[in-house]
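Look at the two complexes coming up: subunit A is in both, with subunit B in one and subunit C in the other.
For the complex of A and B:
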């Protein structure tokens, strides 16, 4: 039952396989981020670099799914809410950087929607600092409130999935409907790249890419530290048996709310980076397809490992681009098949496969023991 | 945009018409949710491919009608059997290993829905297709307060009929007794000689078949696209969950949600009504996760 506790205990001593060795884990994380950070030296093509930056945003999203679902056992289909809200916040910030208080005070799409003055909702975005703070804080606060609503009522499992799904659908129709404020279906496309402190971050340049990688690296390291802390251990215990954790005296709801809000914050950072890279935001960022795609990336890479989820995002999206337009028709078939295959055969994704191989190499687990724990996992 | 544009003032005749539109909407949501109620209620399987089963029903009706030239009324039962057969195949291959992992069925059936959408796109192309409305449904009931097409009325009748059929099957046949026994306690039912895996297969196939009929009917209302199923899945799930995952509950919640949606859209507009409705559902589930009708706090 207590697989998480075992794992935590196992990471402490040096007799386990490389997979559970803490030092080796950190080394691998740092190596991956170092490689990502050095990419601008290797990649000459600006288009490819922009593509990589997009994948980095997806990787941040997959990591947030791994945190909330893999570690917390909360399957949220609403990660796109935080992503989308932050994307709109960033879009509004960038749009207002272009506007001029005297000559050109309101965005043109508002004029076509017969708005005579800037709506109150938009006014704080005159200031880039306030805009950025709102971009990150609004989704986080929303996730905390939404999480409090769900987890204090002890909503769990499938119901969380369906409630987050409904909430996502609600926000999607909202973004669609409030045409004078959000430009509706067309979306907001800020004319200029994001600039901060007088420095312009060209979406196709190395600095913008490095900002994305920086977000990914810092957030992942913080999340990993958090999951190794007392908080992380309790969160995993709640995932394995919420009732038992409750009987041990832990306030289960407050841990779940905190984890949910943190994952919302991470997804919001991804939304911020995304709009900086694509210079465009529309209701598609709140589509169900995207929110489920994040879950796919995390599942393929391995939801129980942050790095696994990150690699899953790079792998799935990289393959999608690599296969090109000719195979785009078959890509969806392929993706669906991969996904069914992973769920059926590799419930712990590629990272789980890695763990199995390294454990075997270390001669720690016999075949029979493997199967036993595999079944235990399946029964969860 | 002033407040007045956004908020339609109340007037009686159009409002009553909105209530009738609500019944029509409710019947569509109920048809979409019926098969899902059976599948989720019996097996606890979150079938994200349910919308695609509806889509397959629409396309098979299209094939039977346009290519084989069969009458519409015959196409519907044929679509039932086609989609039920596909459902049987899916249950045997994908769903069966996952019964102990309900969250994973959600993910696997999402993968399945991608495959189904793309397969249909490869076979029929991405351009829209149409199911022709038969001659005898080409009438409109029009009075001072009511404006409903024959097709809409037919859909309401079909929703009632299929609910009745499902109720009969579940509560008046020996198959239904077995289904309910497996639902309550699988091990106990098995030890009394009920072949639970057979019951699961049949029930999944029946639920898929219902989606097939629903698809045939929806195809007559709207154009057919390979990804038309995604337009039904969210509403269908909400109907099922708000109803408390049982037949009577789904009927009640479909009626309630349909009417609420139609009243909200009468006062504001369609998308805003959807936003209000979804938010209300989330708040409702916070206080009654067990749904409208179920007693106690058993949660699946």
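For the complex of A and C:
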């Protein structure tokens, strides 16, 4: 009966390896965010800084996928819904900052679409504060309602992926077709950068970049705290066996709805930052490929680790920027190959690899071997 | 007043009657064994009591309160705990976290977002007591997925105990256990009865002999015979149900 698992227990007090040491984890998280925050000192080139800000937005998205999929077991292919809705909200807010209530009350694309007055949907965006509140709250509320529909009906597994995918496609068509309201395929390009409190955030400047990093750092730390709370443990329990949790008295749907809405809020923050950085929004933010790419970033980095997913986003997008130029269309093939490789060889992504290495360094055998010996033992 | 009372419980799946007008009364502190050949409706009855399946007709009362028709989590919160036939634990979590999830009395997601302590306050004493009882004390940091089959069974029993339900429904708790482990389980169950009300579905007759006061034999979804082990073993109707074997003793 003596297995590697006994050795795990023998090291005592839960200090199994550095990977599982909570203090070490927090230190690493803070170090990564500190490095990101210091980048403007190292990077002189405004284009590169803007590129980094974009990756930071993608990192926020990958982190939201890790939360909902890695921890919650909910494979959402619709994270782009929250991202896209928030992107439009931010785009509308920025567009209305440019408009003048008396001299120029209607965005020009509406005039070419023969609208004579500002649509009701746009009116609240005259106020930047209201605009920002709507930008973040509408996607969150939508995710809560959509989540309630799915999880109270006990939709699970691959069916969640299909439903979220279908919903994403519906929003995409809507953004595309509502030309007078969204400028359709062309998208909205606010003429001026986002300004708040009289301060203009130049998309290529350090302050805008730091806002993105700030969002990433704060959201990740909050998400990590949340996963360390009792809520986080229960959410993972539900991922492992929803039925078991239900018969221990947990309302499984309420946990899933809460987690789904939180992940929607995080993806919405990414949408807000994104439009601030690119000063443009179009239906591409609601495209299928983007939402699937988020899942790939999280999988490559390791969906069971928030930081892993963040690293995955930086890594894959960094590679795309440099290799994508070289390989052109071949890049997609390359990305697909990476994804398949990760799924087959590293189901826990790069973070899982790190875990394996640190566990071995700590003189323990890897988890996969433990499982194998555990199964053998069970069979005997 | 009886702890659990089933009256005329019926469950049909289109044309098939799985449980047919089943009556069962279990007193407080009693340990009741549920026997019967495959397809007799034992597991279906447990699903009906716990709310996993909805009754076609009839009522289930817990301590006088009608619980049939409530959701699974509401029934669980009122004090009905169950162990699954195929042991169900949270495989990716540590043994400790498995027990912690079971021991948490606060079930609302929002209050649990602000709970960080791995301790459970006033219930800590019970927590340690259960850990001792199931003998997994030095396996607490181990991932539940790598436990042996017997240990997994014990963990799930521990989770049910941790929740401290008024009625415990145990679906084949000794399946896959060694003789020694089975014996330990029977000792545990004998300790539990009196304070807790238990319903145990079992096939292992030696185990049933060790624990049972009264046995209910189910057949074709209904209550065939009820009585002590001696009465059951000599009852001709029971022998007939288990036809093809030499009576229930060897089942």
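Definition applied: the second predicted complex is superposed on the first by the 351 of 380 C-alpha atoms of A that agree within 3 Å, B and C clash if a C-alpha of one lies under 4 Å from a C-alpha of the other, contacts with A are read in each partner's own complex, and residues count from 1 in each chain.
We take it that contacts are C-beta pairs under 8 Å (C-beta built on N, C-alpha and C of every residue); 3 or more make two chains touch, one makes a residue touch a chain.
This structure is a prediction, so every number in the text was calculated from the model and none was measured.
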### Task
Identify the partner contact of A:251: answer first if only subunit B is touched, second if only subunit C is, both if each is, neither if none is.
second
### Query
With the two structures laid over each other on chain A, which partner does A:173 touch: subunit B (first), subunit C (second), both, or neither?
first
### Query
Just subunit B (first), just subunit C (second), both, or neither: which does A:299 touch?
first
### Query
First (subunit B), second (subunit C), both or neither: which does A:191 touch?
neither
### Task
Considering only the touch criterion stated at the top, classify A:233 as touching first (subunit B), second (subunit C), both, or neither.
second
### Query
So, does A:241 touch the first partner subunit B, the second partner subunit C, both, or neither?
second
### Task
Considering only the touch criterion stated at the top, classify A:119 as touching first (subunit B), second (subunit C), both, or neither.
neither
### Summary
So the subunit A residues that subunit B and subunit C both touch are 378
### Message
Taking the touch rule as given, give the residues of subunit C at its contact with subunit A in the complex, in rising order.
### Response
50, 52, 71-73, 76-77, 81-82, 84, 88-93, 97-98, 100-102, 104, 106-110, 112-116, 138-143, 145-149, 156, 159, 163
### Touching residues on subunit A, where the partner in the complex is subunit B
75, 113-115, 149-150, 153, 155-159, 161-163, 165-167, 169-171, 173-174, 176-177, 180, 288-289, 292, 295-296, 299, 329-330, 332-333, 335-340, 343-344, 347, 378-380
### Summary
Per the touch rule above, subunit B residues touching subunit A in the complex are 1, 44, 46, 94, 97-98, 100-104, 106-108, 110-115, 117-119, 121-122, 230, 234, 237-238, 241, 269, 271-272, 274-275, 278-279, 281-283, 285-287, 289, 299-300
## Note on the structure
subunit C partner, complex, touching residues on subunit A are 1, 3, 5-6, 8-9, 14, 16, 225-226, 228-231, 233-234, 236-237, 239-241, 243-252, 254-255, 258, 367, 370-371, 373-374, 377-378
